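My questions all concern the structure below.
Here the chain labels run A, B, C, D and E in written order, and each chain numbers its own residues starting at 1.
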Amino acid sequence: MKYTFLRVDPAWRRRDTDARGLDKREFLAACEDFGSDHLLQAFTLVGTRADVDIMLVAETENLDRIHEFHVVLAQSGLMKWCSQPYSFLGLRKGSEYSDDLRLAPRAFRGKYLFVYPFVKTRAWYALPSDERWRIMQDHIKVGREYPQVDNHTTYSFGLDDQEFVVAFDTDDAAAFLDLVQRLRTTEASSFTLRDTPSFTCIATSVERALNALDGEPVPASALEPLTS
Amino acid sequence: MKYTFLRVDPAWRRRDTDARGLDKREFLAACEDFGSDHLLQAFTLVGTRADVDIMLVAETENLDRIHEFHVVLAQSGLMKWCSQPYSFLGLRKGSEYSDDLRLAPRAFRGKYLFVYPFVKTRAWYALPSDERWRIMQDHIKVGREYPQVDNHTTYSFGLDDQEFVVAFDTDDAAAFLDLVQRLRTTEASSFTLRDTPSFTCIATSVERALNALDGEPVPASALEPLTS
Amino acid sequence: MKYTFLRVDPAWRRRDTDARGLDKREFLAACEDFGSDHLLQAFTLVGTRADVDIMLVAETENLDRIHEFHVVLAQSGLMKWCSQPYSFLGLRKGSEYSDDLRLAPRAFRGKYLFVYPFVKTRAWYALPSDERWRIMQDHIKVGREYPQVDNHTTYSFGLDDQEFVVAFDTDDAAAFLDLVQRLRTTEASSFTLRDTPSFTCIATSVERALNALDGEPVPASALEPLTS
Amino acid sequence: MKYTFLRVDPAWRRRDTDARGLDKREFLAACEDFGSDHLLQAFTLVGTRADVDIMLVAETENLDRIHEFHVVLAQSGLMKWCSQPYSFLGLRKGSEYSDDLRLAPRAFRGKYLFVYPFVKTRAWYALPSDERWRIMQDHIKVGREYPQVDNHTTYSFGLDDQEFVVAFDTDDAAAFLDLVQRLRTTEASSFTLRDTPSFTCIATSVERALNALDGEPVPASALEPLTS
Amino acid sequence: MKYTFLRVDPAWRRRDTDARGLDKREFLAACEDFGSDHLLQAFTLVGTRADVDIMLVAETENLDRIHEFHVVLAQSGLMKWCSQPYSFLGLRKGSEYSDDLRLAPRAFRGKYLFVYPFVKTRAWYALPSDERWRIMQDHIKVGREYPQVDNHTTYSFGLDDQEFVVAFDTDDAAAFLDLVQRLRTTEASSFTLRDTPSFTCIATSVERALNALDGEPVPASALEPLTS
């Protein structure tokens, strides 16, 4: 599972309309090609973050497919003007603290996705496993009080700079903010080493995310997520 | 509530006067359009910070409106030469420690606005809630000794890298400095994890903030804040 | 032993096809020349990291040979458009905790290489040596439960910013992730000061790594490592 | 009180001599205009820091004057090629630990100025005020053993990222180094959270600081500070 | 004593051969002029660090001479394409823990120079001076077991971001690595706050260091240090 955060060089906005149109069509074609047999979702961060314009989530059966997608994407005109300020690589894996099934690919369905990299303190891992299990049950219980917020967690140990990539999928940003503030007072929270940067992502289609770079805003009515 | 910090590429100042004039008029038009039915305030940081020239505060009913404003703003000529060194996203929410009403949108009224992102230590959240309440009363009491300094706090848990965006609105910079130094000795202060970067913002109109980029200084007599 | 991480300026992708072809052929020639009598392996990070495109591992008999290789490489057209976001320099040396032979140069053989710089806390070095030996035995025992993951460690004390460069060579990314997560609960783990950034590298040939910059993806069937 | 640190883009040095001359004359004119009724001093850091070429200290009666000076300065040709790697904003205020008068503006008089931003730990502020007073007396006593080193401290609480801007004015760099090393062993020193970056600034005139960017070195005989 | 670390913009390598030749001759002339009556040594870091190409060590009788050398150097063509990623300023001073004479200027003589900035914890300075003396004797004893590694330490308290600049001069990189690893287990090591970045520098002449930027590698036989 790959979260790719893209930022367009301000100089790209100074190109003429036709060149920008072609740049975007090539980017869209690469996404559509990959999306024909893989899960690919697009989000816009224009207005919510200073350092990111578009975020793509791609899910594949192995690392090689992710690589191939990025090689093709890099050939598009738009990527010749993009930097990647962030990139999170994670694998699905069952949790040792919960029976929730996390292994099957499933699309994000909410209007908003909140994503952050997550690292626990080494003191956490020094606890006995039944103690860690006990502490996590309280954390999980608080989460269940917010059924409108759906948690997706993938694992990055050794593959990337964080231990986990945490994503929360919801239509209700205020409820999510409440949940995060509530979780601060759980015992589990004291074992957090890092949970930033935190990204507020607005679900949209690839095409609309591209248009938001230099054209029309994404209309509110269009904010349902499109999956391939 | 969105705080957007903009910095103009020095190369923009090398463009000719007409091009700069058009770039600024497009930016102003985007702000006037949004400001016709939303709260939008402009501040200049020329001279107070090295890394920011203009700060905009926009308040909207939801995240989608913020997104739409930034899409339109990005189409203006000036934004093709701007970077966003900082951006803070927060929501209004009642405080658990005070009855002060913080939910209603209200404009900043002072000559200066002092803004910083705020994160508390996890030890704070491990305290019992009545203990936190007791500690905050002393903090609030000190704040009330400075009635000329008006506190605006919004919440960012999970939405952005900080927990809170703190903004102090005042005509009296020296009184604000005294207040911050006084607050260091309160018990609450020992639970601060991060309260920087700290921004000294001078209230002005969008038009004057734009002129300060390449033209005339904002005259002292014009330093009353303009709201939409 | 030198790990060199390269990133191509997006502007390079805007050069015409012939110029890019020549730039890549010069880079390849420098690698082939060096590889004729030294160990040189190439990896692609397109799709796994935001900040690196190619990683080269070179092993030489002394520092002067590494220097000479980089002087020649810098003359190639491609390097005139590359930055080096990371670089790790290490020497082979026997471990005081294990009889595993680490002194002889040996090529990486797996589909993936996971690399990170490693620094231990000063509390670790304050332990008596027999205590450190005891703690490492448990760490080594866990590693041996994953025979499909081959550890290569080199030493950087005083030569570079880390103490060790750790590299894990494997065909099985999921097993490696399991191993790293398991190692978090060993006693040795509590003495880790830094183990990031962490790089997921896909083994390939220099030629294919170059083509992945602007052309065809590396086909999965080609992902066996090529050594000089 | 404003410390502004400027760095010239290396590309500026590639402009032709006439263009550089005009760029510098405009910068000088802005400084002379401001300096006609305000305290303005110039320092060169060519050779002492990698990231700064010129430092200006400006003192004004309020923040608005600082803003106006920077608006005018930004219109000069040279500023179109400058970045500001650092900027420190502070206010004069009496010390609670000393009767030394710090409120009146006074020019720096030495050949060298050593400047750094300063933040104390929160443990410091948790001490009773008489305990803090006692600890500071020892610190002040050591400082008085170096009468050739003159301390200027301004306050930045809430206005900028540091709590204090500390400046030491002297002709004797070796004595200053001794003083700082001596102060490390005082009790006050253990409450320092941050005292870097630290800048070695050579006093000169604005004109000579400008010439040091692309022309003749500042002759040793000219190293007396010029004030407006 | 000034350590200046230079990195050439990759775009410089795209200039034509004649322009590069002139750029280098001007740089060399500035070094030869300064070197005619001062100690100046050159090192290449091509291949050992990602972020530095050349390091110059200059020793002068006062700060003004360092400034003058950098003004003249900045006029050379090459410096118009260089950034200075690092710069360390230090003064010679006798050690309170050793009778070794460190005051007289002496050239580096080995094939390699290992340089890093060094900061001790404040807990170190809180120890009584005889306790610090005792702890340092063990540190010094370990150092003396490696007579082929020659330590040069200069003092930067208040002048630059570190407390000391540490340089180790040797022909034997592996012995130096052993020494640093051995020193980790001394009591003194637990009082280290920062000892990175760490630079592996290959001794050469200015001329050869310049040629390594875009031309021939420095032949191994030429790796004896040249001093002015």
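Assume a residue touches a chain if its C-beta (ideal position, glycine included) is under 8 Å from a C-beta of that chain, and two chains touch if they have at least 3 such contacts.
The model shown is predicted, which means the values in this text are computed figures rather than measured ones.
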Angle (degrees, nearest 5) of the CA superposition of chain B onto chain C: 145
Chain A and chain E: spacing of chain centres that average the CA atoms, whole Å: 44
Cα-centroid distance, chain C relative to chain E, in whole angstrom: 27
Touching two or more other chains - residues of chain A: none
Pairwise touch network: line, ring, star, complete, or other: ring
Direction chain B, origin chain A - full chain order round the ring: A, B, D, E, C
Touching residues (chain side chain B, partner chain D) in the complex: 10-11, 13-14, 44, 46-51, 112, 114, 116, 168, 173-174, 176-177, 179-181, 184-185, 187, 189-190, 192, 196-198, 200, 202, 212-218, 220, 223
Chain C - residues contacting chain E, complex: 2, 4-5, 9, 62-64, 66-72, 74-75, 79-87, 89, 91, 93, 122-123, 125-126, 129, 155-161, 163
